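Two complexes come next, and they have one chain in common, chain A, joined by chain B in the first and chain C in the second.
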Partner chain A sequence: MAAPAVKAARGWPVLALGVRNRLLRFPGLTQVRGSRYGPEYKDPQVDKEYYRKPLAELTEEEKYEWELRKTQHIKAAPASKTSSVFEDPVISKFTNMIMKGGNKVLARSLMAQTLEAVKRKQFEKYHAASAEERASIERNPYTIFHQALKNCEPVIGLVPILRGGHFYQVPVPLADRRRRFLAMKWMITECREKKHRRVLMPEKLSHELLEAFHNQGPVIKKKHDMHKMAEANRALAHYRWW
Partner chain B sequence: MLTEWQLSVLVLLYISPICNEDENLSIAAAMLTRTSRLVSGARRLDPGRLLHAGSQAPQSLAAPLDNQAPDDSPRAVSRTSEKDPVKTFSEACLMVRKPALELLHYLKNTNFAHPAVRYVLYGEKGTGKTLSLCHVIHFCAKQDWLILHVPDAHLWVKSCRSLLPSTYNKQRLDQPAEASIWLKNFKTTNERFLSQIKVQEKYVWNKRESTEKGSPLGEVVEQGIMRVKNATDAVGVVLRELKGQSSLGGFRLLVAVDGVNALWGKTTLKREDKSLVAPEELALVHNLRKMVKNDWHGGTIVLTLSQTGSLFKPRKAYLPQELLGKEGFDALDPFIPILVSNYSPKEFESCIQYYLENSWLQHEKAHTEEGKKELLFLSNANPGQLERLCAHL
Partner chain C sequence: MAAPCVFWGAAVSHRLFLGGRISLALRQGVWKAAAAELQVGTGILRLRHTTGVTAKKNVAALRRETYTVDFIKKQIEEFNIGKRHLANMMGEDPETFTQEDIDRAIAYLFPSGLFEKQARPIMKHPEQIFPKQRAIQWGEDGRPFHFLFYTGKQSYYSLMHEAYGKLLDVEKRQNQLQAKGLFSEKTKTKDLIGSRWLIKEELEEMLVEKLSDQDYAQFIRLLERLLTVECSAEEEEFVQRFRRSVTVQSRKQLIEPLQYDGQGMAFSTSEGKRKSAKAEAVVYEHGSGRIKVNGIDYLLYFPVTQDREQLMFPFHFLDRLGKHDVTCTVSGGGRSSQAGAIRLAMAKALCSFVTEEEVEWMRQAGLLTADPRVRERKKPGQEGARRKFTWKKR
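Up next is the complex of A and B:
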């Protein structure tokens, strides 16, 4: 777990059972980012199938787990997590990144309109195509979305490392979450900045997603640029110590 | 659900095979500029359900919309919107539901010697009033009635750029843009009747132009389309002529108005001196109110209430008394109300099956029982809501 970030504040921090109280050492600081829960708190189980299994069918470990969960502390489930069958964590993360100023309603509707636009464009292509080409046209917006973001993920990234008073851009292997984040960030920035002001976000986003799905377009180009820079700075690779 | 413009397009798409002109399609497509919704789930009836002898199965319309020539006039935009069902499914279908069947049964048994009966389709938002109206219009078109269709009366009482003082009556106001769009719509819908019906009076438009008695109605419509300043008066003339001549029995007239509560509500239009305009001061509204009165015979009037485009009405209002107000209700009284409600379980299942057949529901979990139950819960079997949910799944 990441270390909790602290920030100078006027009031005393409120302490509750199970919340980490190391901040007593730093009066005047409140915890801002990071989890307020102690390590004994377990994640909530939102999967409906887990609770539908009749007791007789459970194995020994599962029965033990059931009994254990009755006594453990469990974190509160966040409002954005549902037990809906249509929920997708990648889509939720992307929607959160589109969101501005906490306007989740708008972000969700933009996401829905984007998926709809992708679907309609693919349907049009499908009906215009001949029988042989039809098998190759993908109409599921979710597969297109996931594949497009996977195509945009860079394999290697650059990190500024301070050596001898200068910052050098050192090529470094990226963690999975950093790669997913970079793909989504590039996609959203590209769609926000490089569009005409009259063009709506869903239209632009659907266009970029379809291009990335076919390994074309500006986001893929950005990924390739990142790879080329990393290749160019290959000599600095030994500055990395991890 | 379909917006009113999409409705008018569907009407025109259905009628165009009868009229058989490419121009129809392009102007029909023009009506789709403001559409925003895919046509609602349409399904042929399950084999178990009885079909009325006369009512048609939903027409599968593979109208080729690719070969449209761009329209010359700056107003009509001849592009189909991206949400056009003909583009996505290469067909446009309607679900045959009870309210529409009821209406068709009444229509088949109308006595044309009696004054025109008024049918009012009412219901909550998104239940399918506009599409039921569309179905009825299609049926009447197939039976060769003359269709007088106003796709959305709300558009006449709000956001009008040009309001001119009327040439015919000084107290009233003209709306040239809306009138000319309606005239173009009317022309493409009823091409055949324009040469058959003869005008019964002489109409003088200005110093140089006039329409003689006995000339075909098509001339009046042409005059309105060409001279946009006289468009509203042309509409008034057309309505008056049709009302007078429908009693003679040469044709059967269907007056179909969507969002009829706009005629008796308030407007958001203002004159140059910022004073509010009442609906009766608009010439189009005044003439349409006369058309909707039941003092003529030889046809029927089918109306739809709509809260969606209405002005100053609460969101949850759907009953005729609430939406029409006292004035409107008294003007329309007596009428036959027909309630349009949410999908029954069979209709819902049928709608989902249609989407699955066309592969519109692409999410892998949507095919499962869990997914269907969730869709039922989220949409509460409301057709409009279901359509919006399935759009992105």
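Up next is the complex of A and C:
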């Protein structure tokens, strides 16, 4: 099989690897707006196991990717990414969303306390439960976190579309990343606004996460409200043109 | 090559002859010309008219400078002779005097303190100084030489014509083979990774013609089609003319040489930078994973977990967590940038202890690239780098 031809997206040929329009870069002038990396820089692959795979096991596609990456420029790994097994991209994203004013230290400690609180509550339940119920109690805070956020993701969303001078809320399918973002955003907003001022964030968050894990609670209700609104505005669906 | 002729009537009027065609230089209308009847080849009607404001335009400078072929040839001869003189002046052998020698000699003989490098005296081959221009595309009688002249982009279209002709030839050959039953589906792997298509600017330079993005895309698509079908040597050569090689391994990573201290322990030193933090790390070959930063243990210097994770990252990636001792010094920046600078320094120093393959892995994991991101400046009219002032309706 010939090496796969240079991939063309939408008929547009893949342009030169590693050559940027040097006309834009004059010596003595630094770029002020926009990314400091050129467009040819690719994101780094931090996962150790990707590199440890023996060459024989790779498919044709992977071999091609492997060779291609050798010619590409790679960006520097950001400060929040490591090859550690304890790192979770969802948790990192959530921590960044909790962060206020660039205070990553505080955000990370809140996250750690939340997960600890979740674990403690689950262990308490575990020890108080009988033998049959114990099997069904989930104690890993990470699985609870992931499952809770997955339960909060809406399937369909509303988008305001301007028609004839009025904004109509049109039901629209959401992309994966939009759904994840909405779930996280709702969770955080809910915890920030609807808590008593004496109650600390980790406590409230852990409570909400556990409720969402069991498909109960205000965040799940918000998701259902969104779905109901979309169902109600079903007639406007034809306003969507994409 | 006809020289520009300037007619001076009672007034200021300029006409230029360019190979039988007459082009009028009309700028900033200070010219009330009656419509003159222009006759190709024969005499010109001399007009008498007055202009309002006497603004003598240097029309010779307004039009694009055309360099004649003889002129360029003369320049090349002069350059070669001058090169030999220069070699003699510098006491070097004129036969083996390269461009770098010329640059050095000029910098020595004409030292310049100007900051702008392009304003300093240079002596280069005329091909690099005078932009490539097209010779006049039409003959004495005004008829263009090339049959595609009136398309406006004759070189581009003739190239497309040629490429498509080749494609048709190849397909015809394949059909013939198929008819005879000798056609075989053998496809060969081409080295698509080590080379790239030339970019639009390079193609424009090659054809001495302006192209649009769509033209360029169309051309590349045609060449890719040629690549997919099996073609003979001359077609291969035709396609290879439009491919440039790419640094196959983008690792021009300098691997520090190993040094040995008094006890015979091998170590390697390297530097790293991040924002305004500069770090220098000394990684010892055998150790137990102790890291000393500015004489302080890393656990005390970096109380934040994220920074310590960053320090561990290169070692964890290479499975060498407890195997090396590190001593580093760092200054400038904040806590996160100091950690990033030390990480870069350690990763670079580790390159000396590790195989080439693992160096490539580190590069692909982003450990060996210096992070170019710096604080974006504040712009005038805005509150910060991106934040605008509060918009007030009135």
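Rule of thumb we're sticking to: the second predicted complex is superposed on the first by the 182 of 242 C-alpha atoms of A that agree within 3 Å, B and C clash if a C-alpha of one lies under 4 Å from a C-alpha of the other, contacts with A are read in each partner's own complex, and residues count from 1 in each chain.
Here, contacts are C-beta pairs under 8 Å (C-beta built on N, C-alpha and C of every residue); 3 or more make two chains touch, one makes a residue touch a chain.
These figures come from a predicted structure and were not determined experimentally.
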First, second, both or neither for A:127, with chain B first and chain C second: first
Touched partner set for A:74, first chain B, second chain C, both or neither: second
Partner chain in contact with A:62 - chain B first, chain C second, else both or neither: neither
Which superposed partner A:84 touches (first chain B, second chain C, both, neither): both
First (chain B), second (chain C), both or neither touched by A:142: first
More chain A residues in contact - chain B or chain C: C
Partner chain(s) touched by A:231 [first = chain B, second = chain C, both, neither]: neither
Chain B versus chain C as contact partner of A:117, first or second or both or neither: first
Chain B and chain C contact sites that coincide on chain A, given as residue numbers: 84
Chain A partner contacts - residues on chain B that touch it in the complex: 82-83, 87-90, 359-360, 362-366, 368, 370-371, 374, 391-393
Touching residues (chain side chain A, partner chain C) in the complex: 1-3, 5-6, 8, 11-13, 15-19, 21, 23, 27, 32-33, 36-37, 43-46, 48, 51, 64, 67-77, 79-80, 82-84, 104-105, 108
Residues of chain A defined as touching chain B within the complex: 84-86, 111-113, 115-117, 119-120, 123-124, 127, 139-142
Residue ranges of chain C in contact with chain A within the complex: 117, 187-194, 196-199, 201, 217, 220-221, 224, 227-228, 244, 246-251, 304-306, 309-310, 312-313, 316-317, 319, 336, 339-340, 344, 360-361, 363-367, 369-374, 376-377, 379
